[in-house]
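Should a chain be cited, it is by its letter among A, B, C and D, assigned in written order, with residues numbered from 1 in that chain.
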Amino acid sequence: MEVSPNATVNCWPVVCIGGTADVDLENRGAFQEWSQQESVRNSCKHVSRPTSLHTIPAHIEKAVRCAMYGRPGAVYVDLPGNLVLTSTEEEISFPEPVPLPPPVSIPPIAEIEKAINTLKNAKKPLVIVGKGAAWSERGATQVQQFLTKSKLPWLATPGGKGVASDLHPRFIGQARSLALREADTVFLIGARFNWILHFGLPPRFQKDVKVVQIDICPEEFHQNVKTEVPLLGDIGETLAELTPRLGEWAYDESTEWFKKLRENAEKNRKAVEKLVDDHSTPLNYYAAYQPIREFLANNDVIVVNEGANTMDIGRTMMPSRLPKRRLDAGTFGTMGVGQGFALAAALWARDHSPKTKVLVVQGDSAFGFSAMELETIARYNLPVVTVIINNSGIYRGLLPEDDKAIEGDRTLALPVLSLTAECRYEQMCQAFGGEGTVVRTVPEIKAALEKAFQKTDGPTVINALISTDSERKPQADHWLTRSKM
Amino acid sequence: MEVSPNATVNCWPVVCIGGTADVDLENRGAFQEWSQQESVRNSCKHVSRPTSLHTIPAHIEKAVRCAMYGRPGAVYVDLPGNLVLTSTEEEISFPEPVPLPPPVSIPPIAEIEKAINTLKNAKKPLVIVGKGAAWSERGATQVQQFLTKSKLPWLATPGGKGVASDLHPRFIGQARSLALREADTVFLIGARFNWILHFGLPPRFQKDVKVVQIDICPEEFHQNVKTEVPLLGDIGETLAELTPRLGEWAYDESTEWFKKLRENAEKNRKAVEKLVDDHSTPLNYYAAYQPIREFLANNDVIVVNEGANTMDIGRTMMPSRLPKRRLDAGTFGTMGVGQGFALAAALWARDHSPKTKVLVVQGDSAFGFSAMELETIARYNLPVVTVIINNSGIYRGLLPEDDKAIEGDRTLALPVLSLTAECRYEQMCQAFGGEGTVVRTVPEIKAALEKAFQKTDGPTVINALISTDSERKPQADHWLTRSKM
Amino acid sequence: MEVSPNATVNCWPVVCIGGTADVDLENRGAFQEWSQQESVRNSCKHVSRPTSLHTIPAHIEKAVRCAMYGRPGAVYVDLPGNLVLTSTEEEISFPEPVPLPPPVSIPPIAEIEKAINTLKNAKKPLVIVGKGAAWSERGATQVQQFLTKSKLPWLATPGGKGVASDLHPRFIGQARSLALREADTVFLIGARFNWILHFGLPPRFQKDVKVVQIDICPEEFHQNVKTEVPLLGDIGETLAELTPRLGEWAYDESTEWFKKLRENAEKNRKAVEKLVDDHSTPLNYYAAYQPIREFLANNDVIVVNEGANTMDIGRTMMPSRLPKRRLDAGTFGTMGVGQGFALAAALWARDHSPKTKVLVVQGDSAFGFSAMELETIARYNLPVVTVIINNSGIYRGLLPEDDKAIEGDRTLALPVLSLTAECRYEQMCQAFGGEGTVVRTVPEIKAALEKAFQKTDGPTVINALISTDSERKPQADHWLTRSKM
Amino acid sequence: MEVSPNATVNCWPVVCIGGTADVDLENRGAFQEWSQQESVRNSCKHVSRPTSLHTIPAHIEKAVRCAMYGRPGAVYVDLPGNLVLTSTEEEISFPEPVPLPPPVSIPPIAEIEKAINTLKNAKKPLVIVGKGAAWSERGATQVQQFLTKSKLPWLATPGGKGVASDLHPRFIGQARSLALREADTVFLIGARFNWILHFGLPPRFQKDVKVVQIDICPEEFHQNVKTEVPLLGDIGETLAELTPRLGEWAYDESTEWFKKLRENAEKNRKAVEKLVDDHSTPLNYYAAYQPIREFLANNDVIVVNEGANTMDIGRTMMPSRLPKRRLDAGTFGTMGVGQGFALAAALWARDHSPKTKVLVVQGDSAFGFSAMELETIARYNLPVVTVIINNSGIYRGLLPEDDKAIEGDRTLALPVLSLTAECRYEQMCQAFGGEGTVVRTVPEIKAALEKAFQKTDGPTVINALISTDSERKPQADHWLTRSKM
């Protein structure tokens, strides 16, 4: 079996179908003659191209299997033009169901016991819940049980958000920098020491931090930092074995470590709340997020979140309470996924969870990447609500007075990161037959949200104009750990 | 020197700059760590990645050179993050100018004489002007002189449109199928026997058609069909040697062949004009194009044309009169290039040819691929006029009565090729600060065009709603020659 | 973590180090400037290129880890010339040991119970031991215990030979075709339904054969045939859980199925022995192998076996008794690996198992691919014994009389599959300072083998000249299942 | 037309045919299922894979065309197993001849005039004849005429050797370093400023050296150094236009520049001759080459030369007198090509030039890479003579006394660059039915050569044992210009 390079870095089990030229015209200069397989090889876990109608089912079965089994990834099946347009009298059977559920595995029990001992002996333990926990069939349930029983302090990576609730009593995500920096033992549950976790290296981590790690991918252990106890296996199944073996033990919340984390979290929380409470207009990011946070607290919503500051701040301001309720730009920070994700989420909700709502929160730059998907959403009458946190630029926009100054000659080069000032994106949605509102205050956002979600057909865009110079709350460390830092 | 695969099929000399992760973080899971070079290798004529600041100028010089020299193509230079953020005190010099103009070559004179003899001896000669003629520095001037002096009947491939004027007295593009099918000698000037020319094979061409061909790329000769006289060299320079050597000779327009071509062209022209003159609403494509054709006849306009029927019909309905005045989806039929092309064209016109206007004519589907670029065009205040030939679908939309029938439940699966009925795309342009109009009749289109081009700042969208079942005029042969035909 | 395409098909954990040009000379036409990483990408599980001295240890650690963890595969690290020649005062530390032993996993116990039930319920069970069992740390021990306890009939794939002894009482490899064709339940232990097992499809297998499968690679299940019970995990660890759970149960050797297998095996064995006993000269393959078989029965020998008929017949005629004692051309049938494998085996034996001998048995064609490695073996004085089963051709040579007929003009085209008749390859070994003998009879082979292995320094080549028209014993089915069969 | 990356760096027009698995078995784990096209993409100018019998001719025609047209390169056509074994009743026609001779081009006459003026105005002109001149159909004839008429001093790159004779009165290859370093104007005829010419940069060239360059590849101009006059076209055809236009002009051999070159060449020649004349044994390289040089002076011989010192010194000691009479490791310095080249050369000579002899001169390391091809050469009875310049190592071997010292325990690690001391490679040739001699003195080499070439059937190996510490004559500059030097 071939498992392809890089292809599982982002972990989306996606099956793409291509359509090259008729194979018999290859080499002649056919319409869209191209080596599609080669072009996508590096991005895909598996790539193939059926050569006859009767081999298509086996190719599709294998593609779907590769996308879903092991660590998930994208796959690609190229159907050349001649197959697309051929028919056959012959009966072609398809394996059913395609494919069967992924097989799972667990670490040997001795390793699990070793992991438990390492956790018990930790002075400053920290649990980090990652994306892998979200992909495991029983991951969320088992992570929640483990956190409840072990009483360990924990936080989540962006991809692990929602596996357990951010409102959980021992969630200390607000003390993230401190927690990473001082933990003596880290329990990675489907999380990796890549850039998001600053490679697990000093100064962001202790030099001799002990690592206990559950992962489905054997090559992922010892990445950048030695893994003290590697637990190879499915996360849900592994925790299902591990948690009961904790026995009566639970972490003592009265320790200095836990207290320090709590205090730091509370301090950071207060700093945020100060910004949240500042309702002066034009609004800052945190204030704009306040009515959204309030809405989410009381509803079952799939959140699609995309942008730079908008996504970074959104992770904090939109606590994840439920599994599989958050989609964002992922490990690669890929812009342009927002409205497409929303479309897929709305179709899923319509068929599988009619009470679940779909909310997109995007920066204005991020919105622009996939805004035209609104036409599709409108055409299918899907009740997607999009809030654009619109600061008229990327990272920051022009101040209104600056904008006026150059108004006389807008053909002059504008700063490359600024977008149209107070652009009326909500009118796009109106043009496509949906609703659109422009808002500038907290009450307006709140009212607009409520109204939008009362609607059950077609999209709404809420264009929330905020200050062009709003920023993230000051951070101790830069988000991106670089080679020279 | 490396010249890369496939990379010159589309012939755009484009230089792309990428930005991977810091090289020292490779292998660690860095932010956007990716083998960019490998991913674009197949699509680029040249790919490289500088490793230090002082090697950047040589990498850029070589990249630009490869993009422009020989047959043009896209190139890619990956600047890793660490170089983007480094500075140096050292002086780094850059070759100047970068690069020098491309060197050119011509065939040996004996080959040119042989070509002339072959043309003189032809009973049913046909000149086909292709994309290569457009890329050659002196291509247009020399092609025009050749056509004038030789008096040969000619037509152009889509990429060769405008090298000589479609209004030229011996342009017989309206008799294309007949001309290809019956010609005994074809003179390819920078054109290739790929799918666009039906591979040069029967039944679309004579089995023993004699080919005289000028091309810059030696491997292109004998492609699919033997080249009787291969003229390897720059098109402009080669014709500059060839035309004077025609001496007193010119093709005799009184022959049966020329008469037949003329008659066929006239017959086809009349069939088109019948559609043009049918102004009943909702309009058909040809009628909608009529005021555009009229406008173009009297103005210097760069036309960007994109879509399925819209582009196919646009090639006929918008005669090209001048070189370098038409941009479309090219050999690959790549959708999504429209507004980006228009942006580039408008910037070029602003700086180099202020009287030249920019007109985009797109189908509604094509518009959707790059519509958000309107925000950029508006932000830079560029006077781009877009006419959307809006049939509410791809190839065809729902009929209004069909649309009503499913209105009650638009969540039902719509036909996959239909788009939002009579979607108000022009409002997008308004939302971004530009102008927008919806039109439904020939006079409305005409008036809207005139008004739009009086404006010298910012974009206008003219949303021309036409019949959902308008079609191309019936064609004798399918546009796409397939392997089984 | 990136795991690369195709790269684990052959499963050799090999680390290759390359050396491209100085990075700062890239793009200039440097000596051996080449995109090595791209060139090997498809063949490697992991590819990387350090950019500074201090990143080399991390690159090597990751490369070794990827080669060994999960399903093994080849990896590639390119060290550009500038790193090869640079030194540093800085201390560069290396992770120790590199890497830690691979983490292992096992299937959930419920799956193991399901597997046991399926085996118990089989009417015509068959165990197939594959290459994966050989790569698992505890694979051989656990497979042997399972076979002993379960009393199931079994056979091995070429890569699985030696995991358990071919002399085991229930090994029915001689009845392979029958066993595959009639089994109702197959237990694949690290084996795959690829071409070697005829894709698991009719007519070589039952249409509804039940498959129980242990594999380390999740994507490998359901390949070509549905897996009834997929056991994802390390083979040794999984069997360590499974075997004890068999309890008192064992397969009943008195069944019709087992009797039929036995009888068929015995019939085939006798057919082979008839050939073995035919000592007429020139010898046939089986007779030539007889003294080798005898020698192996009484010694601890690493066998390297390579060729077409020589390898096919060698699998039968050289029973594998011990794990990790056989190297051959593998799943890909790659010729040219023989003497290199022998060199590596001899170095390993010298350092880790001084009583273990190294024997190469190659066809004359196979020998030619890597014969020059004998110079290296001789230079290092390693006691490698090579028997060339020399039929003067590929599949078959010229008959001596034919050879004579064309002797007058050997510049005439010889049949493309024939090699030099009775070529004296043993003299090559003499030329390099080793021993060489030519032999033609069974006693000569026997004596030569004994003498060669008494020598403890330097190589010996025994050139065994056999009949040019010797063949494999007739087979019911072609070894290669093709698409049209 | 696609022209592939890197693929023309070595410029060999080679057509390779592969044979992957049956296409219908792809994805199933078929025998040698592999993406061959992707694996060779980077190394080939063109890659394709026919999908049916009737498309094979067009694929082969295009492959051969791509290999030969423009700058030559390797191409690859993969014939999947199912096509190899299929037959058809249908008539399949093949284009004839395949392909037609490559079309050629020349620069515009004005450019040629400019080149002539630049050469006339040079104070210190230098002509460098490169590989491109060897590949041009009329290259050699025209270069010779140009050199005769222009009277300019010249030298050749390794790939350009023999285009004109090294014995030409104005060949100043012995003064290469001086000539490159001081020339004010360089006329590159099919040569490139890559590592072989030290990138055309200081200190090996003048900073402001004027470059006149003829090349078939437009992207090759301005590489590393600006090209003052780029002459794009076929070398032979271009010189056929240029030389007559020199008119009465010729370079004045009485200038200081020419005198200095001559003196330097003479000084270097004398230094070499001193080594040539030192016949003490064990011989040095130059003395060993002396009888070879003598033999070549009087015979028409295709020389295959491969090795490190052996190749470097061979370029000087074996003057090239005729075009297409020298094959060596090429721009990439690829070892392992020797005996294969000889085999091809001998087949060519047999059919096209029966008086032309084939001589291989290889170092012992180089011989080892392809020595087994001797069996093929012997089998086909081809009269190839190989002289191994055997210094018992790579660059240098052990001194005999050192070798004795470790003889007691040869299992100890030998220095990695030493090979078997005085290895008797000639016995390999005897083993295959050819001749073999070991020689140690100049008269022995001379006698052996004479005897070997009297033989007209089958190969001879002359194993010339020389000193283990012989070296190249001291060089002012290292052969390899590195980034930091």
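Keep this in mind: a contact is a pair of C-beta atoms (placed from the backbone, for glycine too) under 8 Å apart; a residue touches a chain by one contact, two chains touch by 3 or more.
In this text the structure is predicted, and so the values were computed from the model without any measurement.
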item: Chains touching both chain A and chain D; value: B, C
item: Chain pair with the higher count of C-beta pairs in contact (A-C, B-C); value: A-C
item: Identity of the chain that, by mean CA position, is farthest from chain B; value: C
item: Rounded Å distance between chain A and chain C, as computed from the means of their C-alpha atoms; value: 44
item: Averaged-CA centre spacing for the pair chain D and chain C, given as whole angstrom; value: 39
item: Where chain B and chain C are represented by their mean Cα positions, the distance between them in whole Å; value: 56
item: Set of chain A residues in contact with two or more other chains; value: 5-6, 9, 23-24, 28, 35, 38, 41-42, 58, 62, 192, 223-224
item: Sites on chain B touched by chain D in the complex; value: 1-9, 41-42, 46-47, 58, 61-62, 65-66, 69-71, 95, 99-100, 102-108, 111, 192, 217-224, 226-227, 230-233, 237
item: Contact set on chain C toward chain D in their complex; value: 6, 9, 22-25, 28-35, 38-39, 42-43, 81-82, 85, 192-195, 199, 223-224, 332-333, 350, 368-369, 371-372, 375, 378-382, 409-411, 414, 419-420, 423-428, 430-433, 457, 480, 482-484
item: Chain A - residues contacting chain D, complex; value: 23-24, 26-28, 35, 37-38, 41, 48-52, 55, 58-59, 62
